[in-house]
Each structure stands twice: as structure tokens, then as C-alpha cells.
Amino acid sequence: MSKRKKKHPRESAVNMTEFVLPNDTNTLNNLMGGRLMHWMDIVSAIAAQRHSNHLVVTASVDNISFKNSIQLGNVVTLKAKVTRAFNSSMEVRIDVEAEDVPSGKKFESNSAFFTFVALDDKENPVAVPVIEPETEEEIALYDGALRRRQLRLILAGRMKPNDAKELKSFFDLKP
Amino acid sequence: MSKRKKKHPRESAVNMTEFVLPNDTNTLNNLMGGRLMHWMDIVSAIAAQRHSNHLVVTASVDNISFKNSIQLGNVVTLKAKVTRAFNSSMEVRIDVEAEDVPSGKKFESNSAFFTFVALDDKENPVAVPVIEPETEEEIALYDGALRRRQLRLILAGRMKPNDAKELKSFFDLKP
Amino acid sequence: MSKRKKKHPRESAVNMTEFVLPNDTNTLNNLMGGRLMHWMDIVSAIAAQRHSNHLVVTASVDNISFKNSIQLGNVVTLKAKVTRAFNSSMEVRIDVEAEDVPSGKKFESNSAFFTFVALDDKENPVAVPVIEPETEEEIALYDGALRRRQLRLILAGRMKPNDAKELKSFFDLKP
Amino acid sequence: MSKRKKKHPRESAVNMTEFVLPNDTNTLNNLMGGRLMHWMDIVSAIAAQRHSNHLVVTASVDNISFKNSIQLGNVVTLKAKVTRAFNSSMEVRIDVEAEDVPSGKKFESNSAFFTFVALDDKENPVAVPVIEPETEEEIALYDGALRRRQLRLILAGRMKPNDAKELKSFFDLKP
Amino acid sequence: MSKRKKKHPRESAVNMTEFVLPNDTNTLNNLMGGRLMHWMDIVSAIAAQRHSNHLVVTASVDNISFKNSIQLGNVVTLKAKVTRAFNSSMEVRIDVEAEDVPSGKKFESNSAFFTFVALDDKENPVAVPVIEPETEEEIALYDGALRRRQLRLILAGRMKPNDAKELKSFFDLKP
Amino acid sequence: MSKRKKKHPRESAVNMTEFVLPNDTNTLNNLMGGRLMHWMDIVSAIAAQRHSNHLVVTASVDNISFKNSIQLGNVVTLKAKVTRAFNSSMEVRIDVEAEDVPSGKKFESNSAFFTFVALDDKENPVAVPVIEPETEEEIALYDGALRRRQLRLILAGRMKPNDAKELKSFFDLKP
């Protein structure tokens, strides 16, 4: 049995910058949530491709909460890196920041977790390298990935809540 | 104190149809998840506008799981309606179906819940009509909305897991 | 000789909803007629595909008259269904309605007839099912289709005006 | 009473060239009719603006018949000029030609008539210069404009067929 | 040895007209330089295709200086023609003019030289016809093409400044 | 007289990542030069905005040479930073790299210099901070900026070749 390759989160890191144009905004001149999710999908798919060296498809998107509205003319910076790999799937963390460049004012918009599956030439799932986290933050993200995965499986109806050990401890619910 | 207006889910129902073009797909000719989320955001924003008769902004998106890949040339049908209104926020359910029209083959793609906040002219949150569900399915969606809201608040760090009564019963976790 | 399949207009019905964005408008913030025709072509092509279960190409567009201007931020609803099928061609009726969602004000924009030809894998015309109208409105559209077809053929220089019996009676011109 | 200004068709002439990209085509790699109509609307609106020196809105589109399919990678040339002006409205003729540039093969695609209304700053219709045709072709287009206008009015339900003298003579229908 | 075909600049002439839409502008409502360059690339690529009867790729772009800003709603006219052909490469001159159509005010925006390489079916460079200039302006552009080519080669580090005879005389630098 | 503020090149650094989609490519599936220049303009405009804390307009683009063709599905990384500021204008250096992510193969595409002018609220040029280069590479770019500026001025017909001292020494042309 062959041992799987190891890669670090930083090897998949991607930075994307977008300029908010009129067609990206609603009639209040706020960036539409859907356009932002479109960008988040692209940046995280590139991170997952870099980690797996395969084409990837989006498998799921975790709960996203939009805090501050982003305005027409703002510059949006999206940073993505793989937090943990399972067999053929990978979780990617995306952090979104917006900037009113003339004033230099920056603010956090939101963060999110997207999951991707790597595919081979016949579009079948294919095993990907495992993740070896390096920084403290990467280790925390790596550890939490199991819990988030259980929540995803429960919400998709593919795991029973009582089997989700990591998730239970997060909810701090003693039996 | 004035009583809030009541509206039915069907009053906000929106049907959207999109044709998958080359720029919507990745190199495998599959619809990119981000483009689909962009469409889901537009259709559900229209539903929330119809319910509230106000402009709206996306507040959050619940966990989405993508099941079947949608192909170049497929026709995508998105159906949205408001499931429940809180004070100034509304939860919208979106069901996505894809169709290979020449063969007539239809398949479910995924469903999702988006939340919107209604804004007045000064971009402040404004109260919206309450929802009065009519069909059995609408009642089930209405009832589940509280549980989903608690999960959203917990995941956004704005509620403690132990305070989420409805959610606890869903996870079937006895104290 | 095989008998052709029959289908009802409702089997090809398509609803499309579009949100008017800045790039869809002219400098008066009115939806440009060309963008609207682009949407009308897509929605009616889907209806023709649904009826024929084949790929289709636009053969002609009948006279369109634009009544009320549609504004930036309006929601446009397009409804299409096949009115009558000839050999390999189909006439599709499209009704366009616009809505200022915050105020709830709806208004008719225009209606139109597009014709499509169904193609087989070698891009040759292929026979399509005949239409069996059900409602009174569908019967009226079915009956008028012959007259509209004669006008199309005359305007394309492929029929002599004196041979257009149905059209003559419409123009109420007695010899 | 002031006499209206005169302008020649060539003063409003516009040439537009478009390159057919993947997103402009259907799954057969043919240019979609709707995209072509979008381009036709833009080129003819510019011609109407040049004639009127005012902003314009599309009032109607005459019957269009699509003859030859245009392919991905083809170059499309659209030529527009005003044929006749009425009070505040103008008829524009558009000729569309396609070219497979590597082979140098050119072919006619279709021609059409679009009508526009000129608007002043308050979006009210405003009188435009009259047309003085110069070439034989321009005179023929100028003369035919009355007949086409009657057909438009009849089809829009705003003229009775028996009042359409010019149109009757075209249909060669003797009383 | 076969003699190369000759073609005139006017045989490759292309006119393109674009309408400046919201998404083409920055927050000052000025056309973005990058969008204009995109259009310049398309119009000049069509000219190079017309001259060579082959597919082409952009090889280089000469220094461009943007003089007057172009506004939202302006009409941009781009005129391109091949000035000189080398072996498999061609230099194309593009002249850009903008127009505020309602006022009829036209102004020059800028001009530029783009170079393209013609490719055969295997994407290898292929010889193109030589240019035979006709007008005085075409002869001047033809003559200057050598000097501009030397500057390109020097700036790309592929020619030593001292070998650039034509360029030296332009800079009027006596040894 | 107030002393101008100093900023480092790294303070204006921007990273942009783009995914090459079908509509970005020509019929050979190569990224079109014009689309790439559009992206280069956006990334460098953001760098110039960051340096100046003002809105900016593109003033000029230096000679660009495209070396390796970029393919459909490649990931393009653009890195921009300000090299030198003059009074109200700034020179920005952009480096473009492409990557075939599945194979992990990266290659340089090209580099370029764009110049921007900072504008105040009334769209008049406004003074910007001076640049203080830190690394060896930044110092070399800072020093070369004067020479490139002279070439720009000569090519725009606003400087006589003999007055361009720095440029002369680059061309190694002794008087």
C-alpha cells in the first residue's frame, strides 16, 4: 500500500483581487452576495486544484454570514488555502476583506469553508495528498475540519447526529 | 401598536430559468458552483423583495450540498419562496432542478436556504410582513426555520449552543 | 406512414425571470430593447426545445412593439409556449411583464412570436410533434399561426400576397 | 412655424464589427439569434442618435428572417442608417453580413428595420430632422417606409387594415 | 522560390463601433483603459486575419498614450489596418475616436500599433502576403514600421541599440 | 512649502488571480491579448490607487511583448507595484505568470509598465507621495523609470530626443 503524499496549506494559498463594478451591485450600490460567492468559488477551486494537482468540482459550501456591505468601487481581496484533505475531498478556507482604496479603509467582510472533490480524467474521484499544517492557525483549522465535516454530513442527511462525536463536543452538549 | 401584515409563501414565489453557457462552466463542461450560487442569490433576493416590498441584502447562506453535476447546454430551473419572516429578516428556500432538454431528462440539483434583511430608504432594517404558511410543506418549512436560525446564530458566534432549544431537539441530544 | 406525436402547449411552457442590471440599460436607465430580445430568444428557444426534444435555431422573429419602458432594478418575467408546429418549425409566443418589486407595481411590456427550426445531429431539419391546443386562448393562438406564417413568408419574399388566403381575411380585404 | 432641418441617410451611417465568442453561441456553435438582435439594436440606436442628436428608445422591430447560420469565430459586420424620419420617430435599416475571415468567405445573414423614438431631457418625444435620400437605394427605402409603418400600426392594433393605402398596393390587392 | 502575394492596406481595413456601458467605466464614469485596449486588440486582430487569411495571435503592443477621457454613453469608433508585413508577422495601426452622439461632438482618443503573428493549423508561424501601400499616409506608415520594429526588438532585449539604424536616425543621434 | 509624504513600493503591492474562461480565448483556445491587458490595467490601477489614495486614470502603457501563449483553464497571476512617482503620475510595474494548475507547470508570460495620473474630487491632477525603494530590484526599477519616462514623452511627441539624457545612455549612443 502506497503512502500518500503530504503537502502544506501554504502550497495551495491563492490571493485574488476583484474591483467592484456596476454590474456586480444591487440598486443600493452594494456588492451582491451571489457575485461574491462566485468569486469565493473560483479562488477556492484554484486552491483545491493546487493542492490536488487535479481538476475539482464544488461539493459543498458551509454556512456563510455576510457582515459588512461592500460598495461599488471597493477592492475585494480573497485569500484561500486548503485546511484539510480527506480521501478525495478537500476543505478550503476563504477569507474576504474589502477596501475603500482612496481612503485606505479596510474591513473584514466574511470567511467561509468550501469543499471540493478532485477528479481524474474520467471524472472519477481520485485520492489527494494529505495536509500537514504548520502554523498554529493552520493546526486549529485542521482540527476543526472534522467537526465541520460531521455537521455537513448531518445536514446532508448522511450521518446521524449521535454519531458525530467531534461536533457534539463543540456544541458542548453532555449526554 | 400596529399589527404586522400577513402574507402567504406563494405571494413571493419566483421561477427563474437559466441556460448553461460556455462561460458558466469549468474545463470539464460542468456548471461552476459559484455561478449557480450567483443565480440562487438573485432568485431568492427577488422572492424576499416580493415579500417585503423593500430592497433587500443577503444576510447569510446556509450549508449547500451539490449532488449532481449540471452540464453545458442544460436548462436550470430555480424556484424560490419565503418560508418565514422574523423581524426585518426573511428565510428563503430555493430548489434547483436541471434538465437536459433534448432528452427531456430532469434531475434535482440541490436546495438551499438564504436569509435576507429588508432595508428602508436610509438603508436601515425595516419590519416585514409575517408569513402564514398554507400547504403542509410550507408549514414544515416554517417550523424548521427556527431551528435553522439557531444553527446560523451559533455558527456566527452569536448564540450559545445550550440556548438553542429547537436545534437541540433536532440533533436528538438529550440533556 | 407513421403518425406524428401530439403535445400540448403547456408541455413546453417556460418561465424566466431576469433582474435589470446597469449593463442592461441605456443612459436613461431604461432596459435596452436588444437585451430584452436576447432574453426573449433564450426563453422561446427553451420552449421550442422542450416541444421538439431537439436542438433548435431561430428562424424568424415577428414584428415586436415595445410599449412601456422597463427600468433599472425592475424584475422582468418572460413566459413562453409553443402555439403551433408545422413540419420542422414551431411558432412560440412570448409574453413579457415587468415589475417594480418594492412598490409591487406590475405592467405588461410586450408580446412576440419567434419561430424555430428543430435540427437533428447532422444539423438537418427534423419533424416535430404537432400541437393540440387545450384552452380557448391556445386555440386562438393556434388558429392565428397560419395567418402569421403567411405574413412571414410574404415579407421574406417566399409567398405571393394573393396566395395568402388566411392573411387576406385578416386584412378584411374583399376582392 | 420653424421649418425642420434636413439630413441625409449617410450622416447617420454606422459600421459595427463583432467577433463571435463562445458565450454568443448555442451548443451547435451557431451564433444565437438573440445575441445578434442585441447587436442590431445597438448599431441602429447609434444611427438614430446620430440622426436625431438625441437619446433614443427602441419603439419596434420589424419581422426578421434569419437565413444562414453564423459560426463561432466568424466576424459579423452590421451596417445601419436611417431610412426615413416621421415626427419624433425614425426607421433604421440594418444589414448584417458574416465572414469566415481565414477563408475570406463572406455571406449575407439578414437585414431588418428597427424604429426608434427620440427623447428630450425630460424623456418626452422630440421632433427630429427629416430625411433627404440621395441614392437610388435610399429613395426606395424612403418610399417603402410608409408601407412598413402602416403594417407596424396594423399589427400593433393602432390602424385599420382598410386605411392602409400604401400597404394595400404592396399586397397588390385590388378592391 | 515562390513570390509572395501582395495586398493593399485597405483590404484589411476594419471599422468597429462600441457603446460605453456602465461596466466599462471606473467610478469617475470614464472608460477604463483596459477595456479600450481589449477592443483595440479585437479590431486589430480582425485586420491581421483579413490580411493573412490565417488565425493570428497578439505578439506585441507599442507604447500607447491616452489623451482625452471617454465617458459613459459615448460611442467609440476604432479603425484598424495593416501597415506592413514582415515574414509571418504584421504591424496594425489602430485609430480610436470617441463621440458624444447627442451633441455630435467628436474627439480623437488615441492611436496605437499592435503586432500579430499568423499561425497555420498546427499553430506554427506561417508566411503572410507583403503590403503594397497606396496612399501617402500608408507609405509613411509603411516606412516607419521598420523603425518601430527595431524599437520593439531593443525593448524586448532581442536587438542591440547600435544595430538599429532606422531607429537611430529617428532619434537624430549623430555618432 | 510642505514636504511630500514617502511610501514604499510594497505598500502598493497587489496580487490578482484570474481563471481563463472560454470567452477570454480565441478560436485556438489561447487567452486573447486584449483580455490580458484589461486585467493588467485593473491590477495596476489598484496599485496606483493604493499608493496615491486617490482615484486614478490610465495615462499610458509601455511597449508589451507577449512571449508564451496562455491556455483555456490556466490560472493567471498578476503582480503590480508602483516603481516611481513623479508629480501627479505614477509608474506601475506588472508581472504576469501563468500556471497549468493540474500539472503544476508555471511559466512567465510577460511584464509591463503602466502609468496613471491621480485625480482629486474635481478630476484635476493631484500630487502623490514619492516612492522610497527598499530592495535592490525596487531601486533598479526606480532608476530606470526616468529613462522609460523620456521614451514615453518622445514617443508622444512631447520631448525632443536630444533632451533625453537618461535614455541616450541606455541606448549607449555616444555623441
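Order as written gives the chain letters A, B, C, D, E and F; numbering starts at 1 within each chain.
Following the convention adopted for this analysis, contacts are C-beta pairs under 8 Å (C-beta built on N, C-alpha and C of every residue); 3 or more make two chains touch, one makes a residue touch a chain.
Just so we're clear, the structure is a prediction, and the values are computed from it rather than from any experiment.
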Which chains are in contact with both chain B and chain C? A, D
Interchain contact steps from chain A to chain F (minimum; 1 if touching): 1
Do chain D and chain E, two copies of one chain sequence, contact each other through the same residue numbers, with over half in common, or through different ones? same
Distance between chain centroids, defined by C-alpha means - chain A, chain E (Å): 43
Chain E and chain F have mean C-alpha positions lying a whole-number Å distance apart equal to 20
Hunt down the residues of chain A that sit against at least two other chains at once, touch-wise. 22-23, 26-27, 42, 45, 55
Considering every pair of chains, which are in touch? A-B, A-C, A-E, A-F, B-C, B-D, B-F, C-D, C-E, D-E, D-F, E-F
So in the complex, the part of chain A that touches chain B is made up of which residues? 26-28, 30, 32-35, 37-42, 45, 55, 57-66, 69, 114, 119, 123, 151-152, 154-156, 161-162, 168, 170-175
Please give the residue numbers of chain E that touch chain C in the complex, ascending. 21-23, 72-73
Interface with chain B, chain C side, in the complex: residues 14-17, 19, 42-43, 45-46, 49-50, 53-55, 75, 101-104
Chain C residues within the chain E interface of the complex: 22-23, 25-27
